[in-house]
Amino acid sequence: MSTILQTENLQYIYPAVEEGEGATVALRGVDLKIEKGSFVVILGHNGSGKSTLSKTFNAILLPSAGSVYVEGMNTDDEEHLLDIRRRVGMVFQNPDNQIVSNVVEEDVAFAPENLGVPTAEIRQRVDRALDAVGMVEFAQHAPHLLSGGQKQRIAIAGVIAMEPDCIVLDEATAMLDPTGRREVLSTAHWLNREKGITVVLITHHMNEAEDADRVIVMDDGKIAMDGAPKEVFVRVEELRSLGLTVPDTVDLLDRLRRDGLDLPLDALTVDACADAVAEALR
Amino acid sequence: MEPILKVVHLTHIYGTGTPFERSAVEDMSFDVADGEFLGIIGHTGSGKSTLIQHLNGLLKPSSGQILLEGKDIWAEPKKIRDVRFRVGLVFQYPEYQLFEETVYKDIAFGPTNMGKTGDELDCCVREAARLVGIRDDQLEKSPFELSGGQKRRVALAGVLAMQPRVLILDEPTAGLDPAGRENLLANIRDYHRNKNGTVIMVSHSMEEVAQNVDRILVLKSARVLMQGTPKDVFCRADELLSAGLDVPQITRVAMALKERGLAVDPAVYTTEALERQLLTLRKGAAGC
Amino acid sequence: MLKDITLGQYFPGDTIAHRLDPRTKLLLVVLYIVGLFCADSGLTYGVMIAVFLTCARISKVGAKALVRGLKPVLLIIIFTGILNLFFTPGDYLFQFGVLHISRQGIKLAVQMVLRIMLLIMGTFLLTYTTSPIRLTDGLERLLGGLKKLHVPVHELAMMMSIALRFIPTLIEETDKIMSAQKARGADFESGNLFHKAKALIPILVPLFISAFRRADELAVAMECRCYHGGEGRTKLNPLKYAARDYWALACGAAVTAGVIVLGRFGF
């Protein structure tokens, strides 16, 4: 499989806002390769550098040192700017602050309009994008009357209309209720599965990482853990020390193991956990 | 003992007389006991927000009553502000309402509106700050220099400083990371325990509610679906699930274990409790 | 309370008035205003009233909605009426101290009141039948020529449409902040003007801070979606003149020309 995103010794320093204050180092040397078509979850507590990292993926932030490549293009290269932004789409936390227009379909059309796509094709892209997020019937609605989850799906559609290779969801579920969160997650998984779009999901909800191909845990501007969900979640103590919680299933298995039961730690889902426990007690 | 807050057949209808007429709260009745920690849970649109804005008199019932310490809060509409001091409401994302130059002044806004001055005011502010873990040296800072989690704690202190009899929190942990969430919940638990305060917490998260409150009120489509202790409520996990509500993950594990033929009581909602149950099962097995 | 604001409200519909190109409608409004200011007699005012009623009929906007639009300017209308009625010199019919009513005063008062009412209700017809997006599109295209004079037409249009997009969001936010401060005992109703103005600080400060935060985030989100100014932009729904637009413009021009000519010949 080919690499879509790559960072090499990536560092980022936020300059001091006022004189006398120190600059904030957000990223301290991140080396990362993200494979095309994968579903990657980046976890970390607030201030771990995960959001900064995601903003370097499409040249919203340029590295203070090191480099970021999107399909081989250096994000530092002004010439490729639009091409990079088109390929790596971003969805942010607050759905209200990323919707530009007061008609849903006009908002979805915003990116292709900026890219100078011909009118007839914009129409097709908008229809396809709305269909992909299941919001066709809302094409003529005013976005501010939709639910949080629906607004986020519109934001995703607005990104899909660029026909990107990769979508980065920067804490896009943080402000949503459980229903909205499920809507956004299942949309992201569907796009990954059916359309082959690479998804990078940034979150602090552990259970959103259960179905990912790969989990990266950030801490203090560096990658602290990296692996399949099963490999990462079994490191219970480490995760806790990084300010994260483990899913209750893993917590239960961990406790029972300490009590001397012979159990695996990597049964993440409710059913897998129940199977393992039932097996051990039989 | 007389309940501190009593909601009697409360109904609230939006847009009366327009084509958009709909009831956000329909015939809700429940009591809140003095010193109780009550959790309110339900989907977006189940009427949670409308309900709690009635409890401190921000909204007026279309019909029904709210009794605070036995007295209808709308008996004297002119004194509704006093009700707001006695029933403190912390809105969702309360950090967005901070406005003063210093943390101290912002926390002092509520008590100042109550007419407190001098040492009494100072005492309220410092005590509230201490309750949420804001250090003395942070009081003179601008609230906008603080981190997101700290800002939220300042906003919470702003309500605690009014020393309300009842504290209502609308999704206090929304958008916080796990550590921030746990910190804030610990603040609330401490307040509840040490001050013996009555707390009502609205939340989307079943886990959060289950692990913190004494009693749960479940709302669905503008009505009270069920109320009782967490154990009572999660006993009826099937009902909750079919109503489209979540149950804690650990309850689902217990249900799955029962399905697999283990003698597990599925009405558990903490990992500790399930662990204990499973250990007795093992001991039983070893005895055979 | 804040939800009553009808500023720039749009009633979706499918009448000819809705389907006309926004540029046509903007030009028609200009013609209509010219006509209103040239009208000077019973006959010409009659023509303008007929024009207005016809347009209102065609666009199927209810009388209630139009009258509601007048509410915010009611005071100005009354004030203008009274000023003209009592302070216009001429053949006095009635006098009381400095106050006097003259024949000319009555005529002028009626004319001015009618003019303001027709002006406002006419422009409301435009905003009621045209979505804000198409309105800004229309403005951008109509004023496109000014780009050569280095007027940032695209940027202005973009700013306007974003402002319109955020009005409901900010209204909602204001309501929320007000409730939150009320919950802390803020009092917006009692006290004198000074107190009332001071009571607004706890609302305005958070509102401004949040507006800046929103602007920041929106700017980043727009950049992420490849926004780089008006250069080379295409449109999902480009504006296109149809036959009906030419007809409408021809009718509008004819009526206005008619009013001007009638005025010239002293009717």
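For reference, chains read A, B and C in written order, and residue numbers begin at 1 within each chain.
Definition applied: a residue touches a chain if its C-beta (ideal position, glycine included) is under 8 Å from a C-beta of that chain, and two chains touch if they have at least 3 such contacts.
Since the model is a prediction, treat every value here as computed from it, not as a measurement.
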In contact with chain A as well as chain B, sorted by label, we have C
Chain located farthest away, centre of chain B as origin (C-alpha) | C
For the chain pairs B-C and A-C, which is connected through the larger number of C-beta pairs in contact?
-> A-C
Mind checking the centre-to-centre distance between chain A and chain B? Centres are C-alpha means, answer in whole Å.
-> 30
In whole angstrom, how far does the Cα centroid of chain B sit from the Cα centroid of chain C?
-> 45
Within the complex, chain C is touched by chain B residues 53, 56, 58, 81, 84-85, 88-91, 94, 96-99, 109-110, 113-114, 144, 158-159, 162
Once bound in the complex, which stretches of chain C touch chain A?
-> 12, 131-133, 161-162, 164-165, 168-169, 172, 213-214, 217-218, 220-228, 232-238
What part of chain A is in contact with chain B in the complex they form?
-> 45-47, 93, 147-148, 174-175, 177-180, 204, 206-207, 243-245, 247-249, 251-252, 255-256, 259, 261, 270-271, 273-275, 277-278, 281
Where on chain A does chain C make contact in their complex?
-> 55, 58, 60, 82, 85-86, 89-90, 92, 94, 96-103, 105-106, 109-119, 122-123, 126, 140, 142, 144, 158-159, 162
Complex contacts: residues of chain C adjacent to chain B = 176-177, 179-187, 201-202, 205-206, 209-210
